[in-house]
Structure formats: structure tokens, C-alpha cells
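Everything on this sheet refers to the single structure shown next.
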Amino acid sequence: MSGCPFLGRKHQLFTSKPGQTEEEDESQTGINKAAKGGIVYGDYLQLDKVLNAQVLQSQEKGNKIHDEHLFIVTHQAYELWFKQILWELDSVRQLFIKKHVRDERNMLKVVSRIHRITMIFKLLVEQFAVLETMTALDFFDFREYLSSASGFQSLQFRLLESKIGVPDHLRVPYNRRHYKDSFHGQESATLLSTEQEPTLLQLVEQWLERTPGLEQDGFNFWGKLQANIEGGFKMEKHKLEKMEDSEEKQELLADLNKQTEIFTALFDPKRHEHLLSKGERRLSYKALQGALMINFYREEPRFQVPFQLLTSLMEIDMLMTKWRYNHVCMVHRMIGSKAGTGGSSGYHYLRSTVSDRYKVFVDLFNLATFLVPRSWMPKLNPNVHKFPYMAECYDSSYNSYSSEDSD
Amino acid sequence: MSGCPFLGRKHQLFTSKPGQTEEEDESQTGINKAAKGGIVYGDYLQLDKVLNAQVLQSQEKGNKIHDEHLFIVTHQAYELWFKQILWELDSVRQLFIKKHVRDERNMLKVVSRIHRITMIFKLLVEQFAVLETMTALDFFDFREYLSSASGFQSLQFRLLESKIGVPDHLRVPYNRRHYKDSFHGQESATLLSTEQEPTLLQLVEQWLERTPGLEQDGFNFWGKLQANIEGGFKMEKHKLEKMEDSEEKQELLADLNKQTEIFTALFDPKRHEHLLSKGERRLSYKALQGALMINFYREEPRFQVPFQLLTSLMEIDMLMTKWRYNHVCMVHRMIGSKAGTGGSSGYHYLRSTVSDRYKVFVDLFNLATFLVPRSWMPKLNPNVHKFPYMAECYDSSYNSYSSEDSD
Amino acid sequence: MSGCPFLGRKHQLFTSKPGQTEEEDESQTGINKAAKGGIVYGDYLQLDKVLNAQVLQSQEKGNKIHDEHLFIVTHQAYELWFKQILWELDSVRQLFIKKHVRDERNMLKVVSRIHRITMIFKLLVEQFAVLETMTALDFFDFREYLSSASGFQSLQFRLLESKIGVPDHLRVPYNRRHYKDSFHGQESATLLSTEQEPTLLQLVEQWLERTPGLEQDGFNFWGKLQANIEGGFKMEKHKLEKMEDSEEKQELLADLNKQTEIFTALFDPKRHEHLLSKGERRLSYKALQGALMINFYREEPRFQVPFQLLTSLMEIDMLMTKWRYNHVCMVHRMIGSKAGTGGSSGYHYLRSTVSDRYKVFVDLFNLATFLVPRSWMPKLNPNVHKFPYMAECYDSSYNSYSSEDSD
Amino acid sequence: MSGCPFLGRKHQLFTSKPGQTEEEDESQTGINKAAKGGIVYGDYLQLDKVLNAQVLQSQEKGNKIHDEHLFIVTHQAYELWFKQILWELDSVRQLFIKKHVRDERNMLKVVSRIHRITMIFKLLVEQFAVLETMTALDFFDFREYLSSASGFQSLQFRLLESKIGVPDHLRVPYNRRHYKDSFHGQESATLLSTEQEPTLLQLVEQWLERTPGLEQDGFNFWGKLQANIEGGFKMEKHKLEKMEDSEEKQELLADLNKQTEIFTALFDPKRHEHLLSKGERRLSYKALQGALMINFYREEPRFQVPFQLLTSLMEIDMLMTKWRYNHVCMVHRMIGSKAGTGGSSGYHYLRSTVSDRYKVFVDLFNLATFLVPRSWMPKLNPNVHKFPYMAECYDSSYNSYSSEDSD
């Protein structure tokens, strides 16, 4: 009877919930009956709203410019997808906040939703190809009608940045004004209250700090690692020193010294604090240790999905930065590199945001600097090192399906 | 002052129109003043509508399912882009209807907008990757709430098919019912009135029939081509017959006969009528000739952009068909291949629409069957064959910029 | 000193292996020394081979056609990537064959490599866009020189199909000849020996059959599920029968009967054998049960990565089928739908391979037919059901890093 | 008989060339006969070379690392496509050099091939997604074996940059060394001789300088434009001065002054020379005028395809810069931001190449700064202004098809 198989394989069966009495079920049947005549595609998607939201300012001013429609639809599509990203991001943050992630059953959800965000960002990067079918000349024909409307005013994009964890003090000011000055009233309030919430970065940090194996009185990953690495370098140095003198020997020694320095710095907590204060690191020292541990032992069953999560978080950073860069390219094409009327050049402002300052998970990228040969990694015996992490979830009373998605 | 460089380089200058008196200009300045405090990003894009149109049926029924949000947003994004495609399609049809395309100045617009449609379709094909992050199990959790809502009920998609030129009688019925039965009231009226309008196929057909060079008393492309091809085949046959007898000779002769048959059929108008009646051809005989002519002489300055247009029309067909195929794949993944509750299988229905029956410009694809060596093509001397086509636009009083985009 | 940071961060450190004596290390240093003056980019990539493999047949025959170069390079790029896919596929099969997958530490590798295959296929689908810049006319200019060379003769593509598990008897014959007739000598031998090896499908099947929880004397998933579903349907029926008579009641009852039938068939092993014999199912009955179990309990830590694997396997099927479909579209564009000279139409042959017959993991798609409400699923208590699956890997002596990647 | 429809619709017909005697034809038949048994797929593509060029250094050194294969194949695919880009680029440059582009029939070829280059670059940007399936840890396992091999040593990429027109003196040095220092022997010679050839930028520049309508004693586009713009600004200023004093008035006046300055600079040839010397402009003053003219009159039939060309040239710049940026992102992920062993950080070097310095057609982007309302553009009457440009091609003796593709 129904119609398209995807939307709307009618499915009145299976409606009873466990514990429902039969009386309740009958009312349920009534609902199904209503549903049947029920909601249709256009109403379900509220297309009366979505498809009647394209008002061309050029047309309002009596000079309809064809391409303004594309401009509007593209930006609306961006905003729709931003909403979806926020939806996923909020649910993931909720899962972390409610400590659900201590129940490892939720890890699949977390990693799947973060992965979904990356897929949306990929689409958003590709979406520029559509807007790029508009030439600078086409844009010029209506840009006067946009007056002061500005993508700088996209609330959702700012929320997105905030919730992921772009820190306020690292943002590039635009025309010497803070981005929040563009928002007023309810929007401004929303921004402020969002800032009070834990960011994805902070939640991931806390989660990383709990990585099983970091305990100094337990597996003591960090201590063991430091010992192994220091030992390793000593052995390397010893070998090199026994070489005959040569230019190569000098070079290799110099290299070794540089490497040694890098790792000496890694094991120095004060150095970490210093980098934190400059914004070059973002994670706490302990969280950094957890991230490195997950990287090294990623093949352990308990670390496989966590490792996927770290990888996806880096992808979000990469894709946001690619989105920014594509944005810059389009702006260059649309208005050139010269200043707007208002002062400093928008092109140059945007360009400055394509920067590591805006990479939230920059520490995860920089872990690549601290890799060592597998033989230097502390040995892990899974029979001995029963991680509390996993045990924990089994101790809790079992209720994963009843509380499904209570985010 | 302004804000983001893209949206909204404020641009109060350049507002005077030619012929405006200064008095009018002053009022204009007033408008600019209003504009300045003026419209902001969120209002311009009507985000209050667009971002408040996500109502989860599962949540309404007290059982919020996380992934329904993705389902809604994805479909809304599809509908937004369908609207944009219709916008471009209508403008192109308008340009053809108003005979503007006889003024070749409009060809750039036509070809750019058709190209834009292909870029949007590419995005829509890629967009499936986002919805595919939802598993069958995730979908199962809320599909009961969709009741009879059905993608089959997307008015815009039907309009799109109609306006391009999918013919009514070639559509695959679903559960023995015509697609129009799914629409009522205003939607039904819209569909019916659309059917009265000329389709893109018909407009392109008329345009192709005007291809300069087809005139029998002029260049007489078709007559000359037939003579050359018949001559060519005769010569080939002659050569083959002089070969010594061998298996190869027999094969080559058989091949030649087949090729000869194909071209004999091409030059037979009755054969064309027959194929038309079966739906295997869609263009009139004369339009087919025009299309072949544009293909053969595509490097002539006057045919370069028309050739690009034919190429883009094929791309639309290809991309729509890829979109359909991606849709089928997703449905298979979401609900399997079994029948829905309502009768015949949605999966199998959708699969049947991935068919050449739905390729509107199938004739352009099949032109590939009728290619011949360049040396067989009638010679064209541009110094002699001054085509009326190009001349025509210069005779009309010159007004291209004042009437810019009066579609 | 070195050069590009990606290729070639020179890295002479960290070369010692555990257990190496210092003497060995010295020779190692020697190697490093050699390496230093060492291999350069072009030699490393053997560019003398790769970049000197483009011989245009048209040029050989004295009539260089520009676009033949694109044709060659595109096909070479396809073959390069096919080689990479085979590389990944072989390594995954090896991991399964050596029972390494019983050591769950290898699951990350398996799932990552299968995921990589999907990423390559995505690229290959997109790659058609490049070849599509060639028009039918461009192709016509050189296709005579290709003589009998044929993509049908791509050994690697056939190996790929075979190794994944496209069964011989389900292949569509082309011109009444089997695909293997196109191969001779060494190629033919390679094909035959490949057929003796276990396919990915078979290996996944064996792995699914081992899914912990299927044991009849243990958790007995299948028995419990059948009981729950039968009970569920009975209850549904009971409810419906108490409704007042109405058209709707009749419809709902009819629907219920259909659903009941579907599940009755699911629990009938003979039905399964019948579908197997027709090629509509491919997995053993027990493997099917395992796959359904992983789907239902995908959030259990032990099933998260296995669930990802099943999802990626479906993606491979989807992408191969999309690749085939894109191929068909291009062929339509290049040569039309008419028969080639040799007999049956290549277009129609290729079209017939875009079919569920070529979907190796079709059972995983069709699982979507067998979903039931979460409340119907047998409850699983992880404290009680200690699955042997996971236990197993910890019992084995711990050697994951030493035997790293012995595939 | 043949096989796959795409590769290899056997096509022995149509082999005679105009002017061939029958005797020649017979030998031709002989060739066809040979061809028939003829070349097969694998030989045609020289797969013995292409598929035997993957030698893992890790394996050579006795420690096979699985992911090195991906690393090699990805880079080989890049090089294959670079070769194709060079093939297209050389043919386009040849068309310009031989003055063929004065025959407008070649414009379709030029614009199609430049478009093809953009499609290849899009693929190359997407191709990073495949390499990104390799993690930093996977890379770490074999990067020591790469010794000094370096992407910095890709000859083809350097040729590509050179031939498009990246100027030597604007390149960022790496470790204080010029990029050419990485090449020796034949490679070095190739680079040097390439530098003697005209770049795409120079050829486009010469072509733009010939834009019909620039002649001072003819249409005199530049003179007319300057007059119109100066008049326009004067009128705007007059209007503004009549406004009542207000903050807004002051702002508008300030804006107007800025705009006026921008255009005053545009019409100052000395300013242009100054910017040229700093590398901020790349085109000659006259070529810049031609580019602006094509932009303004892009809808004129003679300017439609030239306008498409300018658009595609910008796309090449954009895509190369996106390719560079994606490369940087991957490097960050693979080796972090720290310095390599050799000195300055590769990451930071690469980052510095994602810069407008490397945008060859930067002038075309910056044209967006110089747009004015359509009413300010000099009127063009095609009946009066018969451009020599188009006429020229008809005066030449007609031979487009005989000399087809003599590049």
C-alpha cells in the first residue's frame, strides 16, 4: 500500500514494548491506525518551511539575480549539515559526560558518530564545487544586496568550534573585534552558556587520563617507557661511538643528540606545562600519555576502538581545516585579495584561520614525533595486566538495551 | 565594519542605475542606510525556518531515536538541492522558450546552468555516503514511526523527472499504481500543469532542428552524409572482395554487412518512426540529424558551446541514473531485498527504474553507434557556408545587457 | 640533508633489533651508510618502468591520436590499484587462513585493510570522471587500433572477483564463452590455482561459524531467538484478533502472516539449503546465525570490531557493483547500446553483471529482512556468558609483536 | 570474437585514408589481420612493467612491512597522472606556440584539455584519502628504509610547476637549497631545457594581449573603461556630497575614496610595473586588460569559450594549491610538526608553499577586485565592431581536419 521502500516501509508490527499490558497495546493499535492515513513525506520533512525559505534580496529590491538562489541554498545546506554535526557532537559529549563511556558498550556509538561527523565534513568540503560554478561576476551582481549579512555571523559554526574545543584566546580577531561581538540577544546567550559546557577536547582528555595501564603503581606505562627509551638511546650512542671517525659518524651523532633532546623534553613535565601555556599543546600531561599508550598498544582488543576514535578525531581537525582552506580559495576567487570596504581584508583574515591554532587535537598529530621502534615498547602481558577499564563495565548491573540512547 | 568577506562585503556603492535621476538615487541611499543596520545572516537565510524543521516522529511518540535526525536532515538536504536544480532547469527552459537561445549570447548561460545541475547531482550522489553511516539496525529502530511517509511522494523529484522529459508512459508502475496517484490537491495540480509545459527534451529537440546546415537546399548535411557513407561502404566492400578467400575475409564481410545495415537503418525515416513509437528513440528525425551534425563539426566555433551542451545533457542522464542506482544500493542495505508489507518489493521496483527507459537523452548516447571516419564527413567551408544561425543574433536589435536575465 | 619530509625523513636511528649482537649492528650501520648516498625517489618507485609503459598503438601505426594516452594511463592506474587491492585482500585472507583472527589482536588489521580496500574502490569509482572527459568521438579516432585488446582480459580483475568469492557458476557468460577462455599460459594457470584457494567469503564464513554464543549447549542464541520470535508473533496475533472487525484488522493480520512466514522460513534449515542451491544465499546456516548474532549484539565490546568488519564487507560489494555500473554508463557513452562487431552487445553484457548475482556478501544485506525489536532479542549477561572467543586469545602464549605481520 | 566492448570493439573497417590508393589499402588489410590475432590487454598496457615495479625496500632489507606497498603504489599512481597532466599541458602549449589558437577551431581542444587537467587534479586531491588509511605508526615501521628518497625529487612535479609558470625566484627554498640541486644528469638537463620553453602563463599572456577590442585606434576598451569608471565615481561622489552630514555619510565617502584609489591604481601603468616586479602581478598590462575584457563581455559568442578557459586556469591554480594543502595535512599526520633529522622542518617548508606565491594565475583571481556595474561597461555593438580575431580564422586556408592534432 505504502510507497517507497526506504522512507516508509509501513511497519505497524512489533509495537509492543516489554512490560506493556494488553490494554496499552490496544491504544497503540489506535495510534497505528492514525499513522496509517498518517503523516506524508512533505509534512514529515516540513518542506513547507524548508522550501519556502529562499527569499532573494535582489528580487525584493526589484532586480532579481538568478544566482542569488544558489548562494542561499548552498548556505542553507551548510547550516542544515552544521545542525546535524552539532546533533552528533552533543550526543557524543553526552555519552562522555554521563560516564557512559566507562561502559565500553558505548564506544561503538561514540566512534560511529564521530566517524559520521567526518563523513559530513567530507561532503561539506565537496560542496564548494557547487558554489564554485558561480563566477565572481555572477556574485558581483547581487552582493550589494547582502549588505552586512556575513558568514562570520553563523551561530552554528561558532558553536561547533566552541564545542569541539577551539579555545577563545587562540582565535584570530577580525578587524580587532572578537567574534562574539557579532552575536546578540538569544544567540549571544547560547554562545555564553555553551562555553560553560565541557568541550569535546576536555572530555576526551578526561577519558584519556583514565587509560588503563597509566597507573604508577600498576603497569606504569610512562615510567617503563622512559626507562626503555633512555636505555635505547644509550645503546645507540654506544654503538656510534665505536665507529671510526668520519663525517657520517658526526652526522649520526648529531642526529642522535637531536632525537635524544626531543625525548628528554617529552619526559619533562615542566616542558609540557610550558607548551600548554603557549597553546602548542592542549592535552594534560596524563592524557598525552594515555594517547601515546593507545597508539602503541592499538592492537590490543581493548584499545582497537579507542585507537579508531583518536584517528577520527584527527580527521575532524583535518577536515575542518580543509573546509577552511576551501573557503579561503573561494573567497579569493569571488572578491580577490583586496580589502573589503570595512577595513582589513576578509581574504587575509580567513587565511589566518587555516592554522594549527585552530587544530584542536594537534597533540594527536604531534604524537608522530614520539614514535619509537616496537622493540622499545614496554612488554604488556594481558594475562597479568587485567585492566580495570574493561572489568568495570561488567560489574555494573546490565542495562545497556533498556537505557538505549538515553542521551 | 562589515564582517565576513564572502557573505557580505558591504557594497553600497555602484547603486545607481543608468537613466536614474538624482532624486531616485537619494531614496536609494536611504535603502542602503536601512540595509546597513540591515539584514543579518540568520534572517537572510531564514534559519528560523530551516533549522526548526527537524521533528523526530520517534520523539513525538516518546521514544527518541538518535539516527532519525540524520534521516530527516539528509532528506531535507536532498529536497533543498532538488529545488535548486528546478530553479536552474526552469531558467534554462525559459531561455529556450523565449527563443533567447537564438541569440547565441545566451548559450553560455544555458551551458553553465546545465553544468551546474550536473555538479549538484554529483554532490547528491556523494551524499549517500553520509546516510550510509546509518546501519540497517539503526534504521529499523525508527522506521515504524514513518508510517506511510514515502520518498515516492517527493513532489520535486517527480517535477524534475517531468520537466527534463521522462515520459509518462515509460515509467515503471509501482504496485500497479501510477506515480501520480500519490499526489493530491495542490501537488496534484502542480504536476498536471507541469505536464502541459514543454520539457527540456522537447526544447532541445526544437533547438536541434534549427541546426544551421541541415537545410536541404543549403549545406544539406544529411544528404551529403548519406552519399559519403554509402560511397564509403561500397569502397570498403570492393576492397574486401578482392581479398583471397579466407575465414578472415568472411568475417570482415559479415562485419561490413552489419555495419552497412546499421547505417541503412539510420537513413530510413520509417525506421526512426518505428523506434520512436517504441520509446527507443526520443528525438525527432531532424533533431537527431542536428545532434549528429554538432558532433561531427564540434570544433567549428559556432558548434563548440552547443557540443558542450549535448555533453552536459548526457551527463545529467548519467548522473540521475547513478543517483537512482545509489539509492537502490542503500535500500538493499536498509531493508534487504524482500517485499515490504504492502506488496511488491520496493527494492525490485527501484531497481527497475535504473534503466534506459529513464534516460531522457538516450539518443545522444546512441549517436556513438553512428560515428564514421573524419574523412567520410562532408567538407564544410566556413567561407561559403555562412550559417543563418550566427547571423541572426546580430540582426536583432542589440540589447543583451539591458534585458539581462529577464527569465 | 634529506629532502622531502614525507618520502624520506632519513632515519638511520632505531635500527637495532631485539636480540641483535653489536656485531650485527655494525653491519647495519654499513647498510645505512650505503642507503644514505642511497636510493633516490625515481629509482625507489621504478619510474623508468612505470613512466615508459605508455605506447600509443595509434602512434605506432603512424597516426598519433592524442587521447589514446589518457586511455592507457587510466587503465594502468586501474591496474595499479587492482594490484594494491589484491595485496590487501591476500594479506587479510592470510590472516584468516593462519587462524590469526582467533587472536583478536589481528582484528584491527583485518578491519583496517578491508576498509582500505573500500577507500580504493571509492577512488576507482571517482576515476571514471577523468576518463569521461574523453568523448565518443575522441575514442572513435583510435579504437580501431585496439584490435582485440579487451578489458575482459584483465587478469587482476578476475583474480579479484575470484578471491573475494564471485562463484564461477553464477557468472554471466559473454558471447556464450566462459571468462576463463580469455586467458592462456601463465595467466590461465594463475587463475586455476587461485580457484583452489579459500575465498574471502569462505574464510569469513568459517569465522562466523565460530561466533561465540552459537553453541547449542551454551548460550544457544538461535534456539532462544526462535523461541522469542515465535512468542512475539503469537502475542501480536492475539492482540490483533481481539480488535473489532475492520478492513484495517484484515490488513494487519495479512501483514502479520507474511512476517510470520518470513521468520518461519528463516528457522527452517531446509529452506536455507534450497536458497543456497539457487545461489540466493551464500553463507552456511551457522555462519548466517553468527552474522545475525553479531548484528544484534554489535555493542558488546567483543562484537564491535566484528560488526565493523561485516559493514565493510557489504561496502566492498556495494562499491564493486557501483564500479560496474559506472563502467556500464561509460561504455554506453563511448560505443552506444548497439552490438559490437563480434556478436552480442558488450553494453548489455556488462549491464547484466550489475546484479545481485555478483554480490558476494548478499546474505549480509538480506539480514535487514530479519530484524526484530530489541526487546525480542535474547538477553545476554556478559558476567555469565564468558565467550570462549575472547578467552582463547589470552590463553595462547603471548607473541603478538614478535610475529607481527608474518603474512 | 573480440571481448570487452570498451577496450577493444574490434573495428577493422574504416581504415582507408583519403587519397590512399587501393594498393596501400591492401597492406592496411594485412596490418588489420595481424592486429586481429593481435595485441592483448596486458601487452597493450605493458603490465609486465607497470605491475612489476613494486619493490619494497623493507622486504629487500629482510623485514617486509605490509604498508610500504600502499606507499609505493600511491606514489606511482601520482606519477602516472602527473605524466598525463604533462601530456595535456604540452599539447596545449603546442597549440598556442604554433599559433593554432588564432584558428578558433582549436579553442575547444584547448579548453577541453585544460578542463581534463582539472579533473585529474580533483582525483589527485581525493587520492590522499587512500594514503590516509595508513597511520603514522604504520609509516614509522618502514620509513627508515626510504633513506634519502624524497618526494622533493619528483622530476615530473617540478616540470609541471615550471611549465605552468611557477617562477623560479618566487619558490621557497628548502634548507637554503634550491630545488634544482636535487636533480642531476639527464633530469637536470630536462629541467634546464624546460625552462627555456614558453610557460603556459606566457602563452596565455600573449594570447590575452591579442584580445580583439583592445586596439587603441579601434574599440579602445581600456580607454573607454577608464572614462566610464572615472565618470561613475564622480557621479557617486556628487550624490554623496549632497547628503546631510552624518556618520554614515562620512563612512560612505571614505569607502568611495578607497574604491576610487583602487581603480586609480588600476589605470596606472607604473603601478602595474611595480606590482609585477614584486611578483604580485604576473601578466603584462595589456594581457590584464584582455582578461578583464573577456570577463566583462563573456557572453559574446567569441568570448564564451575564452571565458571558460580563464575559469579553468584559475581552477588549476586552486586545485594545485588544494593538492599542496592536502599534502601538508598528511605530512603533519605522518611525521608531526617537528623537524626531520636533516634540518628545517619539512612540514613547515611544505606549508610555506601553500601560498599565493605559487598561484600562477593570481591576476585572474584578483580581477574580482576590479568589477564594476554592468552599466559602467563600455557598450559594444557587434555589428560595428567586427573583431579581427574571429575574421582571422576564416581567412586562413581551411584545413582544420586534415591537420588534426598535429601537435
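So that you can tell them apart, the chains are marked A, B, C and D in the order they are listed, and the count of residues begins at 1 in each.
Methods note: a residue touches a chain if its C-beta (ideal position, glycine included) is under 8 Å from a C-beta of that chain, and two chains touch if they have at least 3 such contacts.
Keep in mind that this is a model prediction, so the values were computed, not measured.
**Student:** So which chains count as neighbours of both chain A and chain D?
**Tutor:** Output, common partners of chain A and chain D: B, C.
**Student:** Among the chains, which is located farthest from chain D on the basis of C-alpha centroids?
**Tutor:** C
**Student:** Is the number of contacting C-beta pairs greater for C-D or for B-D?
**Tutor:** Pair with more contacting C-beta pairs, C-D versus B-D: C-D.
**Student:** Could you give the separation in Å between the centres of chain B and chain C, each centre being the mean of its C-alpha atoms?
**Tutor:** 34
**Student:** Return the distance between the CA-based centres of chain C and chain D, expressed in whole Å.
**Tutor:** Roughly 37 Å separates the two chain centres.
**Student:** Where the CA atoms of chain B average out and where those of chain D average out, how many Å apart are those spots?
**Tutor:** Centres of chain B and chain D (C-alpha means) sit 29 Å apart.
**Student:** For chain B, write out the residues touching at least two other chains, lowest number first.
**Tutor:** Correct list: 1, 12-14, 32, 36, 255, 259, 298, 334-335, 341, 374.
**Student:** For the complex, give me every residue of chain A touching chain D.
**Tutor:** By the definition above, chain A touches chain D via 132, 135-137, 140-141, 255, 258-259, 262, 295, 298, 311, 314-315, 318, 321-322, 325-326, 329, 332-339, 341, 354, 356, 365-371, 374.
**Student:** Show me the residue ranges of chain B that touch chain D in the complex, using the header's touch definition.
**Tutor:** Per the touch definition, chain B meets chain D at residues 1, 12-14, 16-18, 22, 25-26, 29, 32-33, 36, 104-109, 232, 235-236, 239-240, 242-243, 248, 251-252, 255-256, 259, 298-302, 304-305, 307, 372-377, 381-383, 390, 393-394, 398, 400-401, 404.
**Student:** Could you pull out which chain D residues touch chain C in their complex?
**Tutor:** Within the complex, chain D touches chain C at residues 1-15, 31-32, 35-47, 49-55, 57, 61, 64-66, 69-70, 72-73, 75-77, 79-81, 83-84, 87, 91, 112, 115-116, 119-120, 122-123, 126-127, 129-130, 133, 143-156, 174-175, 182, 187, 327, 330-331, 334-335, 340-343, 345-347, 349-350, 405, 407.
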